[in-house]
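As written, the chains take the letters A, B, C and D, and residue 1 is the first residue of each chain.
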Amino acid sequence: MILVLKKGADENKVESLKQQLKDMGLGLHLSDGANASLIGLIGDTTEVDAEWLGALDVVESVKRIKEPYKKANKDMHPNDTVIDVAGRKIGGGHFQVIAGPCSIESREQMTEVAEDVKMAGAGLLRGGAFKPRTSPYSFQGLENEGMQMLLEAKKATGLPIVTEIMSAEHLPLFEDVDVIQVGTRNMQNFQLLKELGKVDKPILLKRGMANTLEELLMSAEYIMAGGNEKVILCERGIRTFETSMRNTLDISAIPMLKSKTHLPVIVDPSHAAGIRFMVEPLTMAAIAAGADGVMIEVHNNPEKALCDGKQSLTPESFAELMKKVRKTTEFFQKEM
Amino acid sequence: MILVLKKGADENKVESLKQQLKDMGLGLHLSDGANASLIGLIGDTTEVDAEWLGALDVVESVKRIKEPYKKANKDMHPNDTVIDVAGRKIGGGHFQVIAGPCSIESREQMTEVAEDVKMAGAGLLRGGAFKPRTSPYSFQGLENEGMQMLLEAKKATGLPIVTEIMSAEHLPLFEDVDVIQVGTRNMQNFQLLKELGKVDKPILLKRGMANTLEELLMSAEYIMAGGNEKVILCERGIRTFETSMRNTLDISAIPMLKSKTHLPVIVDPSHAAGIRFMVEPLTMAAIAAGADGVMIEVHNNPEKALCDGKQSLTPESFAELMKKVRKTTEFFQKEM
Amino acid sequence: MILVLKKGADENKVESLKQQLKDMGLGLHLSDGANASLIGLIGDTTEVDAEWLGALDVVESVKRIKEPYKKANKDMHPNDTVIDVAGRKIGGGHFQVIAGPCSIESREQMTEVAEDVKMAGAGLLRGGAFKPRTSPYSFQGLENEGMQMLLEAKKATGLPIVTEIMSAEHLPLFEDVDVIQVGTRNMQNFQLLKELGKVDKPILLKRGMANTLEELLMSAEYIMAGGNEKVILCERGIRTFETSMRNTLDISAIPMLKSKTHLPVIVDPSHAAGIRFMVEPLTMAAIAAGADGVMIEVHNNPEKALCDGKQSLTPESFAELMKKVRKTTEFFQKEM
Amino acid sequence: MILVLKKGADENKVESLKQQLKDMGLGLHLSDGANASLIGLIGDTTEVDAEWLGALDVVESVKRIKEPYKKANKDMHPNDTVIDVAGRKIGGGHFQVIAGPCSIESREQMTEVAEDVKMAGAGLLRGGAFKPRTSPYSFQGLENEGMQMLLEAKKATGLPIVTEIMSAEHLPLFEDVDVIQVGTRNMQNFQLLKELGKVDKPILLKRGMANTLEELLMSAEYIMAGGNEKVILCERGIRTFETSMRNTLDISAIPMLKSKTHLPVIVDPSHAAGIRFMVEPLTMAAIAAGADGVMIEVHNNPEKALCDGKQSLTPESFAELMKKVRKTTEFFQKEM
């Protein structure tokens, strides 16, 4: 971290700042230029608060050199993390397809779709019991009842399950859930992240729709700092000015995240575009760019789906897609 | 709401859709053009799910005519809502200044700042006990202990208090809080909004940093639909490509929201720009554009502030600002 | 196009509006609902100005049903356009790699890179003689002199050339250029687009960094309306809040554009991310998502490049990339 | 400027880089930390290409300390620039209202509006002869003919005129124009900016709808570097995710620009929101935030306007607005 001092900064204040920094165990490197005087901080600056430094009267600006996360950082942990969910591996060359309906609507729907996606070759089953909806008048999920249906589908098919949590209070309901999903609107619900740091289950952390990759990694760090290092990152489209699609899939997030972290990175092409015909090309692009998995919405009757039907695949088109996914992951040398 | 049907849509499916819509109590208006056939829906469409309609095989697109919120809608409630907090009125021509430190750091700091902002003329006192921070390694707030200090400052000064909630579990701690704040990262924490709908206290709802004004109003609707109609909206800057400031204050949100809703609208100039020297011009702009209040960070020693010191005013500069605020609200005919 | 009339709109004004619309040759379809009265416009509305209608006193809002472009529209021209540049085909299943330095710096550099990219298998050669640079103090390109060097490289290698135009005044210099590029900052330089509509050469039109896909197609329409239908669209990354990369590649633009237009769509992975190590994964993603080509920066000495060296490949790494491009296009059944 | 070197960077390469930097007349300040080695550059770095440095093999990243513009920089020129247009002063405490129709449509319209805005107290007259329109099928302006009408209106009223240029080729037509406007889509049309640097007239430079404030200042620098230091900056709304308004007025741009440059800053509230009822509150906000002027669309018959009628004021409502502008500028101690 480098502090740029203000021109003509009060010398006593600068001295007292230097002492404070030394007291924090940091080494200092000083540099005086014609235009600016700098202080370089040497040592572990992860816990140094850049905002606090930036507020000081004598400091013009603060420049970070090192990323502000440790446990999620590839530097500290050069080998890719492989997360094992009941035998299904994600990361480090292993690719998984997570599939199922956006929301759980009935016992029949859930079981039917579960059987269908299993037959087509999905590795994990998804389904939402708690649904974050923009309008209070939209269907909010079957909640506990939905969770029971999902657990029955898990039992029937043997597929491990992924489902979204909206509040730490609901944690007891997630005991038999294999992967707990944090949705895009909760990526910075730090209270929830802290609780998930105490859980011994993989967490699928979706990027907030207007959050930077650094913020995503900081949210992963919240979970990891609590003791749970099994975090799967998920790119699901960001909010931009473009209006022809629901969100803009940030495909570059895959190689960029992989250069910065050892955690697996998957993609949700269904939510990214929000339109059925784009699911296939975006899935292919995700594999080509190096993703460790995809998460795809499948509904046995998309036209009757109580949520996000517009982007759901039918079981038939999902089975077609899976054939292509198998060939393409093989071509790009990922194991499925 | 208007449904644009696909060219050559299956007639049986269209007939069955029409029947379904009639069964929902809606009137239909049909229109066949050379390029498109339309169905206009007549009646209350607030609870019609536009996404579900858009997913239907026979539907090309869906166009909303009416806003999807009811209780927050100015149409339903043409007079401005005035919210009374222990005698301090917000909205309908009444202007309030909410001031205090970003985070509560000690008994001395809290009491001192409280006395200072009271003397300068602030109407409400703010202070954060629970702090949402991007990094798990940053100061997270004094939590319960901080809340006690805030309550003491309330007692000492008689100022009603505003403080942020991060989880519905903490609600019991908020019993003596006058206004509960929902932060930008929780604007779509629907679980929390639902709980706040059952509370009998004003809620200060901050706009998410990448949420549209319609989404802000839908989040207000969550609280109002639960029975609590005392919602204060707060514009606090949105996320854009501009990098010289922390956020971009959306000043147009004030007149736009006021054309759509009867709820009061306040502005947080401290978080919007994140830089001290911009607090005054943005406060003046907010008053000029018609805001019903501002929320300003004040710290007795901004350089030692454990959070957001960069944007905090000293008690002296806050007192100076208050003089201008009084003159300017008077000029723009707001009552303070 | 649908006009939503204001509640209680003056009847005489509405009648006069209807007459005006009929006089424009449009059929009208009227619909009166409890909440809104609508007028549907039947016929060719491409030239109807939605802004003008939206400004009328009696009109609440205007909803477009049909896209506002004709010649670029897939509806009017269902078969993919294949553009032939000196025997190199782009579009309709044909894939091309355009490669070369960002800016032309010397005769040696240009010839050397040209020979290298030819040997590696590039189909077209790029190089910038006129460079749009943010700072007036940065290298602005060798202009006429650079153009001569590029033409020599064309002669030496036989590769057709692509180069950027910054002003219609320079058109005479482009006589022997095979494809004229319009850069991202000029996508809405309508004066330039009009002039290019009169030229009989393919135009490579880059998307503005904050322009919607509809605006991109409208800019293509400017060129096509002038008589030049040989337009190649290029996605090169858009401006978002993300700061770890120069721009955010909008990979979804490929399938979305292909659903709306018959024009070929290529991708510039070098400018999109602005970082060397991301060129390969983004190129793979572009092929997988259905692009008709890519445009890649290659420099014989990226560290000495006078512009954008950070994202340039060396001839060696470009040759490696080309091997993968050949295999991958074959896998995705594109002809190269 | 600070260079952060890569860990384990080749020492010979680093030495050669240092020599190169010294050869450019820069002083170097070296600093070796546990995590990073830094080189601080001392001297005038305006012409040092940060991109070129960032591309070097041994360089991890480059951090700017000083702004990359000189002539526009407040540091170099602490007093506010006052621009005098035929006796009307802009900047340094002087406030001007520029008013007139978006596009010039007929002799009668132009003259009538000119008389009206003069009577209401506008200081300068605007009107567009060349119009940048998204669609090639929209009205493109009366061009030369329109320019004649504008000049006649200038003659009739004595008001200095402001009008937009779309190509340097048209410069001869602008001989009697008082202020030449560069539109938002041409802010980075560097060819045009260079030509305007040779002109001896004030240039009104509008911010590009997705350009940072630094880029705006760099575009001003293009004009100033050419010798023309009379540049007026104009904030006119930026492109964001918000859809209820055409653009988001960046009100913070005013104090931020004023902290960085001595050039005057005006605001275009008509284009910012694109809706008539928002012109007044945004004008008030602009004055309150410290703007040096506003630019407002007025049309004698907004419903018949061939462009942007939705946001135009009638002469009557403009006259009402002017009364408030006079009182408000007086309140905020600006001279009109």
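Please note the rule applied: contacts are C-beta pairs under 8 Å (C-beta built on N, C-alpha and C of every residue); 3 or more make two chains touch, one makes a residue touch a chain.
Computed from a predicted structure; not experimentally measured.
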{"item": "Taking each chain's C-alpha mean as its centre, the one farthest from subunit A", "value": "D"}
{"item": "Same or different contact residues where subunit C meets its copy subunit A, judged by the half mark", "value": "same"}
{"item": "Interchain centroid distance [CA atoms averaged], subunit A/subunit B, Å", "value": "26"}
{"item": "Distance from subunit D to subunit B - Cα centre to Cα centre, in angstrom", "value": "32"}
{"item": "Distance from subunit C to subunit B - Cα centre to Cα centre, in angstrom", "value": "39"}
{"item": "Subunit A: positions in contact with at least two other chains", "value": "210, 239-241, 243"}
{"item": "Of subunit C, residues touching subunit D in the complex", "value": "46-47, 49, 51-52, 54-57, 68-69, 130, 132-140, 166-169, 185-186, 188-192, 194, 208-210, 215, 218, 221-222, 225-226, 239, 302-303, 305-312"}
{"item": "Touching residues (chain side subunit B, partner subunit D) in the complex", "value": "210, 212-214, 238, 240-245, 248-252, 254-256, 259, 272-273, 277-278, 281-282, 284-290, 328, 331-332"}
{"item": "Complex contacts: residues of subunit D adjacent to subunit A", "value": "2, 4, 27, 29, 31-36, 38, 40-43, 61, 63, 65-66, 210, 239-241, 243"}
